[in-house]
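Look for chain A in each of the two complexes below; its partner is chain B in the first and chain C in the second.
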Partner chain A sequence: MKKSFVATLLLSASFLFAAEQNARDIMVKVKNRPDGDTRSSSMEMKLVNKNGGTRVRKITSFAMDVGEDTKTIMFFQYPNDVKGTGFLTVNYDDVNKEDDKWLYLPALKKTRRISGKSSKTDYFMGSDFTYDDIGKRNVDEDSHKLVREESANGFDYYVIESTPKKEGEIFSKKLVWIRKDCDVVEKVEFYDKLGKLHRKMISSDIKKVDGFWTIGKMVMENVQTGHSTELLFLDPKFNVQLDSKIFTVNKLERGL
Partner chain B sequence: MKKKWSKNFSLAKLLQRLSVATALFILAAFVATCICANRAYAQDELSLQINGFVDTYHALQSSYPHKVMSSRTRLRLEMRADYGEASLYSSMNLAYNSLLKDQTGAFLREAYFDYAGNFLEVKAGRQIVTWGVADGLRITDLISPMDYTEFMANDYDDIRVPVNAIDLKIPGERVSAEFVFVPVPEYFVMPSGEDNPWTMQLPERTRMDLSGTPEKRLKNSEYGGRLRFFLENLDFSLTAMRTFNKSPVTVASYNPKTDSILIRGVYKPMNVIGGDMSIPMGEFVIRGEVAEYFGEPIALANSTDYLVRNTFNALLGIDWYAGNNWTFMVQYMHKIVSDYRNDLGIEENSSMVTARISKELLNNTLKFSLYGMIDIDNLGYYVRSAADYLLSDQITLSFGADGFGGKRGTFKTYKKNTQIWVKGRYFF
Partner chain C sequence: MSKIRINIDLVNQKFEQFAKYLISHRLVFLAGLVVLLVLSVIGAKKIYVETSWDSYFVEGDPMLVQTDKFKELFGNDYFVSVLTECDDIYKPENLRLLRKLSEDLRDNLSYSNGTVTSLTNIEYTLGTDEGMEITQIVPEEIPTDEAGIAEIKRRVAAKPEFLKKLVSADGKNTFVIVKLRPFPEDSVWKAEGKIAPDMQTGAEAYDIIHKPEYAPLHPNAGGMPYMSSEKMKFINAEMGRVMMLAMICAVIVMALVTRSLRGVVSPILSSLSGILMTFGLVGYLGLYMDSTNMMVPPFLAFAVSIAYNIHLYSFFRREMLLHGKRKDAVVHAVRETGWSLLFSGLTTIVALLSFLTVMLRPIRSVGVLSAISVGFVLAVVLVVSPILLSFGKDKKPNPKVLQRGDTRMALLMESIGKFVLTHRGKILTCFTIVAAISAVGMFKMEPSFDVERTMGRKVEYVSKILEMGESPLGSVYSYDLEIEFPNSDDAKKVENLKKFDEYGKYIESMPLSKRLTSILDIVKDLNRTVNENNEAFYRIPDTEEQVAQLLLLYENAGGSESNYWIDYDYRYLRMMVEISTYNSNELDKEIAAITQKGKEMFPGATVSAVGNIPQFTTMQQYLVKGQIRSFGLSILIVAVLLMVVFGSLRTGLIGMIPNVAPAIFVGGYLGWMGLPLDMMSATIIPMVIGLAVDDTIHFVNHTNEEYERTKNYSSAILRVYRSTGSALVMTTFIMCATFGGFMTSKCTMLFNFGFVLSIGLGSALLADLLVTPILVKKFHIFGKEQVLEKEK
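Moving on to the complex of A and B:
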């Protein structure tokens, strides 16, 4: 009796470990979904408050993979009060390494080295997306659990629950819906520290561009404040010819 | 006849000297134009952008008699033409100032030609040069001086004075080298005129003359270079330059014939070696700057003369990106005068502290900020509190207050200038 109890416990533990491992593998697959070695796109963000008032942000961005790390440079194009502002990031795959970040402020004509840690959890340009949502969060910053598999709208999904390993994150857990056919995240629900639904993200216009699965539109809604952000990826390009000198402070200061 | 010939000769010499600087300008622009023309013809087309804003700023003295401290409106026009890797940029202000008549009119701020080659970048013309990592304090950021027409009540980007310069840069991924040549340096603009509430009140029969800036000759030009490094957990740069004390040292002399005192500004050349660094550490970024000024003029305590001394200048700053749109910045600046004498007008060790706190709310549409500067030696302070609200993508409304006070020094002198202000800005 005692032996069978221990065996059941071990079996359950190994299943749990396998499930967790399987969930992590799915998340790794999502993160490593082919997207070319270089990318460029224009982004348009529409910020909508609960009264329906809108604000628009336009950004041009370029990205390049260097080994497992990713360099990204963004130039803010609109509105004109932030036009010329540039943001350069080196996103390290190593979970123990903090990202390198520089911000160029045209009004001061100065580049600031900024903290690689804190801004990840801050909202990006007043939107409902955090810097982390827009960048590539390291898979091992969260623990993952495959909650269920489900079908809807003619597609099959994995539903994975991800819980941050470190304190200080703005969500206590998130539920992620991943389309099985293309490893694209179609829906995410972020829960706050009290376990209440805080934000909800839905991707749409999922299609192949230059042979790579890509998202055309993301909508993030803060269900607690009623504020939402629509993010359109316009003219995405993959494997474009980019000079590595684009990803420098010098380019940041020169602008587009 | 001899006199006339001699005058012509001096003029010729002057022209000859000036022409060296001009020739350098033209040569740099010509070389860059030729290089860019070759590239641009192949694949690029001309694009033109026009942007700018209209803003209006009004300030009122907070204490009796509640004088209007400032009332100005301006149109800022910024134009940029791109052609391949080359561009032309200009920005100008069309301003109406109801208090300061000499601040009404059209003023060119920047106008430069820019070319970015693979191995060399050239920026020639009127431009603002900013070096270093300090926030609002100057240790190595010495090329573009400050316009103190309204002391510190203006926006920081309006306070910087553009210079006519050639800026050459060798760009790199982790290292870049830069050389700046300014044929005719610019100097601090100090508040002047009876209609300006920021003009320092002088005793009777006292006159101030700050016009004695160095002659416009090649030997009085300004030049400097810096090497910048951008590493994984560290940015740093090394700087060397030949410049001037852009903020004049004032020396008074008594004229018994007219029974009057003349205060004149002294500007002297000085060499500077220094550097800066930024180190991100978790939620913090540590910033630092150091510079040795060789031959900085310092006025005597009795203001009758000045002495030249080497000074060591250092700054340490900590930025805390606390998350949730909170930012805290603190800086400590220290100056040490070598070969110190007790009759000098400043302490052997002097220091300044600044702090900045800001918080953004309502999806970054509302920003509260507080900036403070403490002159430790004179126990003086300056505080600016502000609230900025983005009414729309185009319109920003701001209001705030500037407070001055202390025991001694400039901040105490400006105590009566404590003010409240309002500003509106429309971007197009």
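Moving on to the complex of A and C:
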């Protein structure tokens, strides 16, 4: 009796471990989904507050993968008072290595290297997306659990629950809906410390461009404040011919 | 006019029939009471008590609309602040503890917005030769060596504004602030059965700062949620204590006066039933109830219940002593007192409902809830008390009473009556002089809501909060200035920002201003940072593009504070002004001058003050206006009722004299003694009118009856002294003993309420015993005397 109890316990534990392992594998697959070595796109960011007030920003961006790391350069095109402002980043896959960031402010004619602690959980450009949401959060920063598999709108999904391993994150858990056919995250629900829904992200206009699965639109809504952010990725291009020299401070100051 | 006078004899007959019916169906009525009480207990569980100052305004009030709009633009203006005090915060162990406390607050306050501002947890942008470093004043790894500590001090010194906000120059105090997420709508958390978000936040802050591990930092919390939660805790404990004390006092006095178990049980049963039924109704209907003055309706119910029962009981007892037949005594008591009780209850209810003219919900709520509880108490006294008195055996008549002709007390009252009737001139002169002096004092009354004057320093939490406000870093009160420009993007124009900076300097020069916060802090700091930390650049940049790009840089570096100070369309600017002390009148003048200056500096823009302090100012104005309105209205309605019931304009007006007088005495006392008009004291005057009129009604009603019998004023008056006088004295005495319970409170507002209300009730009794009979006789209010003194 005792033996069979222990065996059941071990079996359950191994199933649990396998389930966790499976969920992690899915998340790794999502992270490693092919997106070319280089990319370019125009991005329109629309911030909408509870009262319906909007702020629109237009950005042109170029990115290049260097091994596991990614270099990105972005230029603001709109509104006019920030036009020409550039942002250069080198995003390291190693969580222990600090990202490199430079910012060029044309009105002050100054390029500033931004160093030191800057949290990836900070919101990006006043939007509802954190740097983690739009970047690639390291899979092992969270524990993953496959909650269920479901079908909707003609697609099959994995629903994975991810819980941060460290304290001090802005969410206590998130539920992620992953489309099985293309490994694209279609929906995420972020829950706060009280376990209440805090933000909700929906991706749409998911299609293949140049042979790569790509998202055309992402909307993040903070359901508690009523603030939302819409990101439109216009004219995405993959494996474009990019000179690595454009990812330099010199280029940042000269502009597009 | 006399033709429409109510036929008292007929009314009394109806009450007699009612009493007989009650006694014959007494078990059915008692069963009905039990059912009602059970239902009330269920309803009472649904009660929610309001504590937030925001809830004081009635829906649609312009101040509320403005506050709501402000919150929509800039988010939750509530925060939790903590002031710490230790010998040297720069000691590594203290820094470690401060960081732990800061993170505890950030992570464990349910409504924290996820950021904390403190010496150990503030993002610090440092300008360097090649760029800018986003770092912290205190590194992740807290240094233990001298060099490391010296670097922390150097960083603090590099930004002098930090010394104003985060840490004191001597390193003994630090200030921690946690901003809060917008609170959910009331319907959301109520549906979930949770406590109000501000209460929850305040209670959580209390638990955190009182953890033993933080004791070396002596943390003391502030901010509206904390203050509200502490107030609620204090009021709850105090209410229980004062209520219990009042009950004990009243029971002792009632036992002494009535010398009967039933004489004690009846008032307690009817008051508890009335209170419970009121709470049940509040729960079922979701009526508004505020923590500040929620004690008033139960106390009032208790007081009137005793008064009504004493009137009933004194007639019952007198009859029992005279003939000993219990049921007959009950029927007689109901016949003689029923109409007076019903009518006096109705006038009290009407006087209380005059609070509805005040545009503040706690005052309205006191009026409505007190009126409901008086109504329930009245019903229980008229229905249940006679039934309780009817149980038991008949007794033998008391031979001593039969021999004397009446009780000792009744005979004493009669001799007072004789004294009054023979000293009419002197009494009226004294009365007029005191009333005139009081009337002058009434004009000196001033409203005040500040915690020191209303609650007083003897209350522990108040003393702690005030200490915090008086320290160099901490602050208790703040208000916001909002500038609305005509067009979007105007708020980030350099010319407007420069004017805003000038405006800030003007505000800072005002005596009560302690500290300012606005978008300028962020813009100036970033301008200095991108210019290699050169202090000369701690100013507004030269072009609009520079401002826009600095704000973008700020957002890009993860800054989210700018939305607290400038709105989405760049049309509104906000400046938070923390103040050192709160003196209502001085501050009102200061804010008026500041807004005026703002209007001059920003022509075309709208400059307004919002937040708790301007709310207080508006409330004070409402309170003064409402006080005058409810005073006037209660007098008017009570006078009309007296006129209708006594069937004479003259009787109604004369009857008002002994009722207006106590109100004037109370107002005069408040004014001459410099006691503030607050949420409690503002309710005293209409309440005194409502209670005082009971004595007048009993006195005039019984005089009317006796006059019909004797046709002579002096005889009628002396008979009333004998039959009713002792009940009037006893009820006032017991009510004063009940409200006297408030006088044991350390809280100024509660003490004043008990003391001043007792003065009001005492003066009402004196007016009815000393002045009413003189007026009745002087003005022949029931017609020309038919049996003259000589004939008598």
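Going forward, the second predicted complex is superposed on the first by the 252 of 256 C-alpha atoms of A that agree within 3 Å, B and C clash if a C-alpha of one lies under 4 Å from a C-alpha of the other, contacts with A are read in each partner's own complex, and residues count from 1 in each chain.
We take it that contacts are C-beta pairs under 8 Å (C-beta built on N, C-alpha and C of every residue); 3 or more make two chains touch, one makes a residue touch a chain.
A quick note: this is a predicted structure, and the numbers were derived from the prediction, not measured.
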Chain B and chain C placed together on chain A: clash or fit? clash
Checklist entry - First (chain B), second (chain C), both or neither: which does A:Gln224 touch? => result second
- Tell me which partner A:Thr85 touches in the superposition: chain B (first), chain C (second), both or neither. second
Query raised in the report: First (chain B), second (chain C), both or neither: which does A:Phe76 touch?
Result: second
_Contacts of A:Arg148 with chain B and chain C, given as first, second, both or neither_ = neither
For A:Asn51, select first, second, both or neither according to whether it touches chain B, chain C, the two together, or no partner. second
Key: chain B versus chain C as contact partner of A:Lys109, first or second or both or neither   = first
Could you tell me if A:Leu194 is touching chain B, chain C, both of them or neither one (first, second, both, neither)?
-> second
Query raised in the report: In the superposed arrangement, which partner chain does A:Lys165 touch: chain B (first), chain C (second), both, or neither?
Result: neither
Using the touch definition from the top, say if A:Met125 reaches chain B (first), chain C (second), both or neither.
-> both
Of the listed chain C stretches (58-66, 130-138, 400-408 or 634-642), the one clashing with chain B is 130-138
Where chain B and chain C land on the same part of chain A: residues 47, 49, 55, 79, 81, 102, 107-108, 110, 112-119, 122-123, 125-126, 168
So, in the complex, the side of chain A touching chain C is made of residues 47, 49-51, 53-55, 76, 79, 81-82, 85, 87, 102-103, 105-108, 110-119, 122-126, 131, 167-168, 170, 193-194, 224-225
Chain A partner, complex, touching residues on chain B are 51, 53, 114, 116, 118, 121, 128, 130, 133, 155-157, 160, 169, 171-173, 176, 228, 230, 232-233, 235, 278-280, 282-285, 287, 319, 321-325, 360, 363-365, 390, 392-394, 396, 425, 427-428
As the complex stands, chain C meets chain A at residues 72-73, 75, 103, 107, 110, 114, 123, 126, 130-136, 140, 181-182, 184, 530, 541, 543-550, 552-553, 555-558, 560, 562-563, 567-569
Contacts from chain A onto chain B in the complex sit at residues 47, 49, 55-56, 78-81, 83, 90, 98, 100-102, 107-110, 112-119, 121-123, 125-128, 168, 227, 244-245, 247-251, 254
